[in-house]
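Below you'll find a set of structures to go through.
Consider the two complexes below, in which chain A is the common component and chain B and chain C are the respective partners.
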Partner chain A sequence: MDLRKEKTSILLAGAVIGIIASLLVFFGNPANMGFCIACFLRDTAGALGLHSAAAVQYIRPEIIGLVLGSFLLALGKKELSARGGSAPLTRFVLGVFVMIGCLMFLGCPFRMILRLAGGDLNALFGLAGFVCGILAGVFFLKRGYTLKRTYRLPVLEGRLFACIQVVLLVLLVAAPSLLRFTQSGGGPGAKHAAILISLAAGLIVGALAQRTRLCMVGGIRDLVLFRETKLILGFVAILVSALACNLILNAATPDTYFHLSLAGQPVAHTDGLWNFLGMLLAGFGCVLLGGCPLRQLVLSGEGNTDSAMTVIGLMAGAAFAHNFGLASSGEGPTANGKIAVILGIAVVCAIACLNTFRKKDA
Partner chain B sequence: MSPARSRTGNIPFPSSSEMTYIATFYSHFGAIRYKKLCQLHGMAATLMPVPRDLSSSCGTCVRWEGDAPCPEPSCPEEVEQIVQVLEAGYRTCYRAENS
Partner chain C sequence: MKTLDARGLSCPEPVVLLRNAMAAGEQAYQILVDNPASRENVTRYAEHQGYHVTCTEQDGEYTLSIVK
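And then the complex of A and B:
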């Protein structure tokens, strides 16, 4: 596939993904949250009892679909490859802090785009922080940052994460009494599209993201490193198509899908500084991990156990965030959350330095 | 594209004059160092994102024109694979052990 075809395919994929994300809100997901990897992993962690925030508990079939969509396409294209062994615990820790950054902002990079497409101007502060975080990560990439190489692993290792998603789906469909769910009207966890719609959306987006390597971090990183616009075109296409779809839904339905303002936005707060710092932490951590949370899910589906470990770190981060009062709410950030974000930036800086400037291993 | 040829250290294919090669790496910095290595040996090399039809990973690769898959007798440890660019696809010249 030449570069032109790659650009066309990522533009089309981004457009489809943006429309799907907008329609998921129409079908029941929270506003400006057709997709949010951070929020959906947080909800899944809550449904499994890893945290007890009653407002955000539901196994999100979109996550299951994303992993399985990537898995099935990689299997079909013979790209499924069990790999791992590249600093898994470091990736876990980075995953924890990326999630804490996302929950300070109230959304992953994917939702940041969807919030912009819904007219939420607070996301501009998040975007500025995200770009700064990526630039910080690129600074270390250029100076030698590496988490060392991956290794081929037994076949089962590469398929286990997809199997876990199937187990989660079976639990959701066949044994919901074992899980925790947000009561109707009790918060974002109670708002969701029907299981089959969510699952289908996840499968399609997972397959498209696997095929095009769509990554919110990679787009800005490649633009900075190579002046290469291919990946960022996907980012732009999602924004444009979701915006267009939101405007159409706004005109065609009584509900609000687009509302240009800072205040009164759904599942968002107006503290610009902490929106900025939260996404700075997320962007910085994601560059060191090699991709945004969406990309980590897709790579997990392809058999990358390092990415699976990152996803587990993201879920653990979500549990910590809600167990220790670190996550923001519509009221704004918490004091604990501010401390955790500052601590997170320091830890991510330390990880970057230690894996960039350390002496050669024996 | 021919099947992968897996050997560590030595380049399995003989030299041929002025072919195009692409090398992928385990880190971005590995790619920067390899590019400098190519340039040190007088080969014009470019850093770029890994082409999609070569890999599903989205890291950095080095593309260069030269008469050998590697400027030196053994590959640096950061190199994941080296392929020769053909009209019909790629031919694997080197793949790191257990990758």
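And then the complex of A and C:
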């Protein structure tokens, strides 16, 4: 595919994804949260009883759809490939701390864009931190940071993660009594679009992200590292189309989809420093992982078990965040959360250093 | 011609390898990658730097020949 065609397709994909994200709020998802990989993995962890924060428990079909959409398209394009073995436990730990950073900010990089598109100016502090985190990661990439190679694995290994998503879908539809759900009016977990709509949205976005290699962290990383603009076009297209769709919905419906302010934003707090540091941790960790949480879901659908391990790390991080009081709320960050983010930045720095400057040990 | 083995490396390490090799000033490279995303990324970067890229595939692995 030539470059112009690649750029056109990622612009179109980003535009469609932005519209879908905005419409998911119209269909029932929490405000400025049409998609949030961090929040949705956290809700799913809650529904499975991995944490007991009653306000955020629901198996999000968007996540299931993202993995299966990527899986099905990769299968069709013969790009499905079972791979793994590139420092899986390091990736798990990075996943844990990326989630802790995201839950300090209250959103993954994808939701950061959607918060901006909803007029939430706190996300600008998050964006600044995200860029700084990416610059830190690029510093190590330039000097040879690597988690070493992946290797081919048995075919089943590459398909298990997609199978697990099917099991989650069956549980949600056929055996909801086994799961935990936020009571109506009890918090963001109770706000969701109908299962079929959420699943379809996930499938479409998963397929588009697989096709275009869309990655929130890759956009800024490639621009800094290679002066390459392809991936950041997707980032910008999502922002512009979600913003346009929010403004239309704002005018056409009685509900609020766009509200330009710092205070009073949905599922957000106004502590600029910790919004900055939370996303710095997330951006830094994501560069070391090779992609944002959305990209990790897409890669896990394609058969990359290191990415599947990262997603499991993200879910474990969400469970820790709620079990130990690390996650922020609308009131602001917690003391435990601040300690965890500082610790996370130190751990991610150590992982970066040890995999950049001590490679002869391997 | 300098040969680079980027098989199994995470994004964007294959491109970083090529970028660092180009900084050393070779005129032609052969780079091995094992997934379509890396093939696209390496091709895009090399073409952007004014190189000509040809690709051969065998058993899911790609050999990219990159020349001025």
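By our rule, the second predicted complex is superposed on the first by the 360 of 362 C-alpha atoms of A that agree within 3 Å, B and C clash if a C-alpha of one lies under 4 Å from a C-alpha of the other, contacts with A are read in each partner's own complex, and residues count from 1 in each chain.
Keep in mind that, in the parts below, a contact is a pair of C-beta atoms (placed from the backbone, for glycine too) under 8 Å apart; a residue touches a chain by one contact, two chains touch by 3 or more.
Keep in mind that what you see is a predicted model, and the values were worked out from it rather than measured.
Using the contact criterion defined above for the overlaid structures, shared-chain residue A:Glu228 touches chain B and also reaches chain C.
In the superposition on chain A, A:Gly218 makes contact with both chain B and chain C. In the superposition on chain A, A:Leu156 makes contact with neither chain B nor chain C. When the two structures are aligned on the shared chain, A:Ala174 is found in touch with neither chain B nor chain C.
In the superposition on chain A, A:Glu6 contacts both chain B and chain C. When the two complexes are overlaid on their common chain A, residue A:Lys142 makes contact with chain B and with chain C alike. Annotation: chain A residues 1, 3, 6, 79, 86, 141-142, 144, 146-151, 213, 215, 218, 222, 225-226, 228, 230, 290-291 touch chain B in one complex and chain C in the other.
Residue ranges of chain A in contact with chain B, taken from their complex: 1, 3, 6, 74, 79, 86, 141-152, 210, 212-213, 215, 218, 222, 225-226, 228, 230-231, 290-291, 295, 302. Across the complex, chain C meets chain A through its residues 7-13, 15-16, 19-20, 34-37, 40, 44-45, 47-48, 60.
The touching residues of chain A, counted against chain C in their complex, run 1, 3, 6, 77, 79, 81, 83, 86, 141-142, 144, 146-151, 213, 215, 218, 221-222, 225-228, 230, 289-291, 306. Only residues 26-30, 32, 47-49, 51-53, 56-60, 77-78, 80, 96, 98-99 of chain B touch chain A when the two sit together in their complex.
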